[in-house]
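After this come two complexes, each holding subunit A, first together with subunit B and then together with subunit C.
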Partner chain A sequence: MSEITDTLETTAENPVAGIDQTSGNFKYDMTYDFDAGTGLSDRTVDYISAVKKEAPWIREFRQNALKTFQSKPLPTHWATKDLENINFDKIRYYLSQGLKPKRTWDEVPEDIKRTFERLGIPEQERKFLAGVEAQFDSEAAYSNIKEAVAKQGVIFMNSTEGLREHPEIFRKFFGKVIPTGDNKFSALNSAVFSGGSFIYVPPGVKVSHPLQAYFRINAENFGQFERTLIICDEGSELTYMEGCTAPKFSTATLHSAVVELVALKGAKIQYITVQNWSSNVFNLVTKRGLAHEESEIKWIDCNIGSRLTMKYPGVVLKGRKARGEVISIALANDGQHQDTGAKMVHAADETTSTVVSKSISVGQGRATYRGVVHIPRGLKGCKNNTECDALLINTNSRTDTYPSITVRGDRHAVQHEASVSKVSADQIFYMQQRGLTEGQAMSLSVNGFVNDLARQFPMEYSVELKRLIDLEMEGSVG
Partner chain B sequence: MSSLEIKNLHVSTGDKEIVKGVTLTINTGEIHAIMGPNGTGKSTMAKAIAGHPDYTITQGDVLIDGKSILEKESDERAREGIFLAFQYPSEIPGVSIANFLRAALQARMAEGEEIDASGYYKRLYQKMDLLKIDRKFTSRSVNEGFSGGEKKRSEILQMAMLEPKFALMDETDSGLDIDALRIVSDGVNSLRGPNLGILLITHYQRLLSYIVPDHVHVMIDGRIVKSGDKSLALELESRGYDWVKQELATA
Partner chain C sequence: MAAAPALTTPSTAAVGSFTPAAFAEHLASVPALWHERKRSAYARFEALPMPTRTDESWRFSTISGIKLDGYVHDQASTRDAKAAKGAFSLAAEPTLTFVNGRLGTRNALRDSVAAAGVVVCTLTEAAERHPELFRQHFMAQPQKLGSAKFAALHEAFIADGAFVYVPRGVQVEEPIVLIHSAEGPGTAVFPHTLVIAEENSKVTIVDHFLSNDEFGHFACGANDLYAGHGAKITYVAAQSWSMESLSMQFNSTVVRRDARVQSLNLHLGAKQARHESLSQLQAPGGFSEMLALTVATGAREFDQRTLQIHQAPNTKSDLLYKNALLDKARTIFSGLIVVDPDAQKTDAYQSNRNLMLSEDAESNSLPGLEIQANDVRCTHGATSAPIDADQAFYLKSRGIPEKAAHELLVFGFFEDVLSRLENEELHSAIRGLIRRRFGK
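Let's turn to the complex of A and B:
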C-alpha cells in the first residue's frame, strides 16, 4: 500500500496546468481504503477491477477500453485546444469511499458558506458538499426510495452493484448505446468507471416519483467517472434526476461520465440534469439514449459552471414513431466554456426529434451550440425541429452555433431556428428605474430568457435554478 | 409633504448641451405640466433626473426634501421615490408583469424580509380593478407584444403598485387613441392625491383636458420660458409655440 499512499499532497496539487487549487486546499488522511494512485495504466485498471471484485468479462472490457483510450486522439481539432491541458498522468482514477477529509467547517471559505446559505442547502449536506464530510448521510432516504420502487419490481442501485447482482440485464445493454470507442472520453470512462446508477423498470410500470441520484451519491466517489445505465422495458415510464444545483467543490478536475438509456417499445424516459461544477473542472460527458418503437426519450440538461463542458445528449431513434427531445440550458461565466448541444439520429420512419437550446454568455464566457441531426436515405415522415437561442450579457461575451443537419430523401420536415440577443442598456435602465439593482436586473433578464424551459423542470429544480442564476449574475456586474 | 427640487439643471449628452438651466420645484399633491415642441429637452430632463447613463448632469442639482440625489444610482433614486413612466418602455421577454412588480417591490424591502405573496396579489388585483385592467394581463411578459395603449397602462399599473413620491410621465399620451387616452388619464387621476407629485411631459394640450394640472410650464431650447396655471395650456393650444418664441424674441 505504501506505493499507493505516498504522494498524498498530490490530491491537492494541481493536476491541470494553470489552475490554482491551493485556495480550496483539500487534505486527506494518510490511509485510504482503496486508492489506485495517480496515472493510468493497465495496472490501474486491474486494480480497480480487483477492488470491485468484478467478473473477468468486465476486467477485459476495461482493458480493451484502455487500449482504445490510449490510441484515440483528443478531439481538439473541432472544439477547443483547452483539452490539451489535461494531464492524464496526474489524475487519480479511483478513490473509494474510505477517504476522510481533514478540513473543518471553519476552514471552508466564507463565500462558499454564503452560497450554501443562499441556496438553502441543509446543514448536513453543506458539510458534504464543501468536502468537510466525505459522506452525505442519506442512506435512509435512499433505501426508502429503493424499497418503495422495488415493490413495483424496479431495480435502482449503483452500477457496481448492478453489475454484480443483475449481470443478465446489465450485460445485454451495457456499452451498446455508447460503444467504448465512441470518443476518447467514453473510452476513458469504460476503462475506469465507478459509480453511477443502474435502473431497470419492468414492462408497463410507471414510476410515479422521479428517482434521484442525489440520494445515492454518498456511496461513491462523487461521480468522477460515473457510469449510468437505465432500461425502461415496454410501456414503462421513468423520470430520473441527476445532480444538484449546489456547487460541487471537487478535488478532481476531470469528470467524464457515460450515461446510456434504453427505452423499449412504448416506454418513456425523462432524464434531468442540473449541474453546477466549480470552475476548475473539465466536464466531458457522453449521454445517449436508444429509442425503440413509439418510445420517447427526453433529456433536460442544465449546465452551469466548470472550466469546459463538452456534452451533447443524443437520441438514436431506432423504432418507428420514436420521439427524442433535448432541452438544454447552459450558462458560461467568465473564463468558462460551455460546449453543449444535441445529437438526433433518425433510423426509422416517422420518427420525431426536438432540440431547444438556450445559452447565456457572461463576461468573457463562451457558449457553443453544436448539434447533429441525421436523417439517412430510405426513410419517410421524419421530423426535426431545432431552436437555439443565445443571450449575450456583455459586449465581450461570445456565442457560436454549429448545426450539422443531414437529410436524405424528400419526405421529411426539418426546421432550424437560431437567435442571438443581448441584454440592452435600455432594458437594464428600465428595470433599475423600477428599483432593481443592476445585478438584480441582469438576473431577471436571464431568468426571463430561460423561463419557458425552466418551467418544464420539476418545481424544486426550477426554483433552485433561479437562485443559482441570481448568484451567478450578482458577480457579473460592477 | 415631500418636495422635488430641480435647481439650475444643465444636462448634456455627448458634447451637446440639451437642458440649459431649469429650476422647478414640485411638491407632493401637485401636478406640473411641461409643454414644448419636440426636441427642447423635456424628456432628456426626465431621464437625467431618473439617472439614465447616457445623460450627464453638468451643472445644478436635484434634491428630494433638501437632499441631493445626484450621487445615487438610478435604482437608488427609484427606491427614494422617483418613478419615470417611459415614453418607450423596454420589453423584458419571459418576465411576467406580476413577477417583475414583485421583484421591484422585493428590492425595496430590507434584507431577509420576504414579500407576502397573498397580500401582494390582493393589492395587485385591487389596483388592476381600479385601472380597469384585465387579470390576464399580469401573466404576460413585460411590454412584449403590447399595443401602445397596453404599454402605457402597464406603466400606470407599475406606478400604482410602486407608490412613488414623484412620477415623471414622459409623453404618456403619445401613440394613444382617444379611448386609450381616457383610460390612462382616468388611471392617473385615480392615483392623484396628497402623497404624489406629478411632472407631466407632453406637447399637446389634449392630455391636459383629461388630467388637469396645477401648474403649466413651457420649455423651449432647454429652458423654461413661461409658467402659469392651466389656462396657459389652452392659450398655447390656440396660439401655438411660435407665440411664446416671438414673445421671447421681443423681450
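Let's turn to the complex of A and C:
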C-alpha cells in the first residue's frame, strides 16, 4: 500500500549531536478513503460533517463559522503580507484514511508504525508516555491511553469522539474560550476542524505523566485543522505536550489549529509545544486559556520550523489570583518568519502574568515578538512582567518587537523590557581556542541563550530542542 | 472611552471647515511665492482619507475626537499682540511671537549674535531671502507616523512661522524663545518652527504654544530640526493650549555626522493632543535624545508617536517619555526603533514610564523595535505603576505629610527628565510651568 520515498537529499551528519539530519525528511504514499477535494464551500463543510456523523448543532456551528471566515479580511493591516500567498482554493480541507482510532499498538497498521519509527520516538519512551495521541493527517491514527490515566477518570480522546460521546462535558466549553469570530483563522478552523485532542480531568486528579500528541502533515496541499479542548476541573493538574513535523513539499501548506484550555478553580495546566513544520508551512494557530480562581495556565511554546508562524498563546485571567505564564522560544532561519508572542488579559483582582520570550534570527530569518497585556478598569493588584530577548546571528538577520500594554487604574504594576544582542565575540573566541569549530561554538552559545528556558521543558523535549538548535545553527557561520 | 464609529458622509468629514472655498480665501491672503506649494499640499489633504480605527498608526486613538469641522482660519487678532508673553519665566524676551499664525511682536537679537550671521525671521521672509535653504528644509522630510493628511493641511493653511538659521561654527548661548498663541472661538492655527544649525554650531530654541483665552482651538503645527555635522540643537516645546483645544504637532529631526539633538516636549494643555516625532540618524556619530513629559488631567487624551530611524552605523538615540496620569486621563505612547540593514554599532534606547495617579486613568504603551543589523545594542522598556508604596512610606516615616510626600515623588518622577537639560534657567522655568499646572 505504501513505500518510503525520501523527498530530500540531505544526508549530512551533525558532528556535535551525532544525529542523522535526514530523520525528519520522509513521506509515505497514502491512499485516502475520504477526501473532501480542494477548495472550501458549504458543501465541503457538509461533507466533513457527514463523514464524521456529527450532531446537527455541530454542522450548524461549522456553517456559521464558514460565513464568518468568508466575511473577515486577512489581517494584513498589521500582519505580514505573506499571508496573501495562501491560496485557499488549492487546499484540501479534509482527508481521512477512514481508520478508527486504535487502542493498542498492535492494531496500528504497519506502515503508520514505520512512520513513527522514523519520527524517532524510542520504544521505551512510548511505554513511559501516558498516552500517545498521534494525529496522522486528519484523524488520530493511534491513541493509547495508559490504563492508570483512564482509571483516574481522565477522558482523553480525539475531538470527533469527544463531541460524540461526551457532549455534556465538552459542548459547554467548546468555542467559548476562542469564539469563532476571534480571527479569520479561528473561524476557518471552526468550519473545517478535525482531529485534535479532547481532555477532561476530574476534580482533584493530578495526572502524573504528561499526555502527548504528535501531528504530521503528510499530503501535499493538505491543511491540518486540529481542534484541542482541555478542561481541568477543580484542583486538578495536567501537562500536555504536542510536537509537529511535516515532510517537505514543493507547494505551501496551511496548518491552522485552535487550542482552548479551561482551568477551573485551583487547577494547573501546562501546555508544551515543539513546532518543527517544514519550511513551506503556514502555521497560523490560535491558543488561549481561561484561568479561573487561583488556577494556573502555563504555555511553553517553541517554534523552530514553518515558513510563517503566527501564534500568540494567551491567558484570560478570569478568577481572583489566577496566574498566567507564557514561555516562548523562536528560531527563525533563512526564509522563515516566526511571528510569535503572548496575550495576557487580566479580568480579575490580584491576577498575575509573566511572559518570557527568547528569539534567535539566523541568516535572513525574521523573528517577531507581538504581545498584548490588558488590564481593564475597576481591578486592583494585577501584575505583569514581560521580558523579550532577541539574538541576531548574522549581519542581515532581522528581529521586531511590537508589544501593546494597556493599564487602567493606579493599583497595578506592569513592566515590559526587551533587548537585542548578538553572540559575544569573546565567547566564540574562547571556545574556538579550546578546539571547537566556529559553528560548534555558535551552537553552544545559542543553546546557552535559551538554556534557562529549555530547562523548564520535560527532559525529552529539552533534548529534542537542543538537537534542533544544533541542526539549525549548522552552516550559519563561516 | 471606546472610540465612536467613524464619521459618516466622508466627503465633508474629509475636509471639514477646510473647504476649497476656504482654501481659495486663504491663498489670497498669503504672498504668491507660497501658492504653488500650497496648492499641491491642499490637493494631498483633500485626497487623503481620515484615519480609521483599523489604522495601526492610530491604534488606541480616539478618532472620533479628531474633527475638522467648526473652525475658522486666518482669524485676525483683536488684542494687543504684546499681551502674549508666554508663561515661561525666562530672562530672554521672546524673539518672535505669533498670534493666530501671524507675526505679533519681534525683538531684535543681541548685536553679537546678529553679527555672527544668526537669522531669526518669519518663514515668509526666509522664503524670500533664503530660498535655497527654505526649499531644502521646509517640510522636506517624509511623514511616516500616520498624519500625512494633517501635515498636508498644515502646509496648505500655514500663514507664517519661525525660521532660525545658525551659521557654521556659531554658538548661541542664550535660548531663542518663540511664542505661538491662538485666540478667539474655533480658531485654527498652523504654527511652524524651522531650525537649521550648520556645521559645528550650537543653539537652544524654546517654542511655547498657548491659548490667550479659554475657547477651543485647533492647532495643527509642525517643526523641522536640521543638525548639520557636529551641530548641537537643544529644542524645548511646551504645549499649553486651552483645555478645550485639539492639538496636533509633527516633529522631524535630521541628525548628521557627530551632531547632537536634544528635544524635550512638554505636554500640558489641550483636550486631545497628538504628537508625532521622527528622528533620522543619517550619519555616523549622530545622537538624538528624545524627551517628553506629560501631565494628563481630566478626561484628556495625549497620543504620542515616535520613530527613531538609524540609517547609518555608529549612531545613538535615547528616548525617555514620562507620563503622569490623573483623573480620567488617557495616554498613548507608540514608539518604534528602526535599525536599517547597514546601521551596525547602533545604540538605541526607548523608555516609556507611566505614573498612575488615579483609578480611572488609562495608559497604553506600544514600544516597538525593528532591527535589521546584528551588531547593535537596542533595548526598550515600558512600565505602568502607581507611586511606590515603600518610597511614600519612607517619606511619611520621616514626618513628611502624605500629600507633600506624593507631590515630592511626582516631581521626582519628572526630575529624571528635567535634569538632562544643561541650561539651569530652562530647567527651573519648566519646573515652574509643571508646578503651576498642578495648581501649586
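As a convention for this text, the second predicted complex is superposed on the first by the 375 of 478 C-alpha atoms of A that agree within 3 Å, B and C clash if a C-alpha of one lies under 4 Å from a C-alpha of the other, contacts with A are read in each partner's own complex, and residues count from 1 in each chain.
Just so we're on the same page, contacts are C-beta pairs under 8 Å (C-beta built on N, C-alpha and C of every residue); 3 or more make two chains touch, one makes a residue touch a chain.
All values reported here derive from a predicted model rather than from experimental measurement.
Contact with subunit C, but none with subunit B, is seen for A:Arg377 once the two complexes are overlaid on the shared chain. Residue contacts after overlaying the shared chain place A:Ile393 against subunit C, while subunit B stays out of touching range. Look at A:Trp57: by the touch rule set out above, it reaches neither subunit B nor subunit C.
When subunit A is checked against subunit B and against subunit C, the one touching more of its residues turns out to be C. Touch criterion met: A:Val414 reaches subunit C, while subunit B stays clear of it.
No residue of subunit A contacts both subunit B in one complex and subunit C in the other. Within the complex formed with subunit A, the subunit C residues making contact are 54-56, 59-60, 341, 344, 354, 356-386. Residues 424-427, 429-438, 440-441, 444-445, 447-452 of subunit A touch subunit B in their complex. By the touch criterion stated above, subunit B contacts subunit A in their complex at residues 50-54, 73-75, 78-79, 82-84, 86, 89-95, 99-101, 103-104, 107-108, 141, 158, 162. The part of subunit A that touches subunit C in the complex is made up of residues 77-78, 377-378, 390, 392-422.
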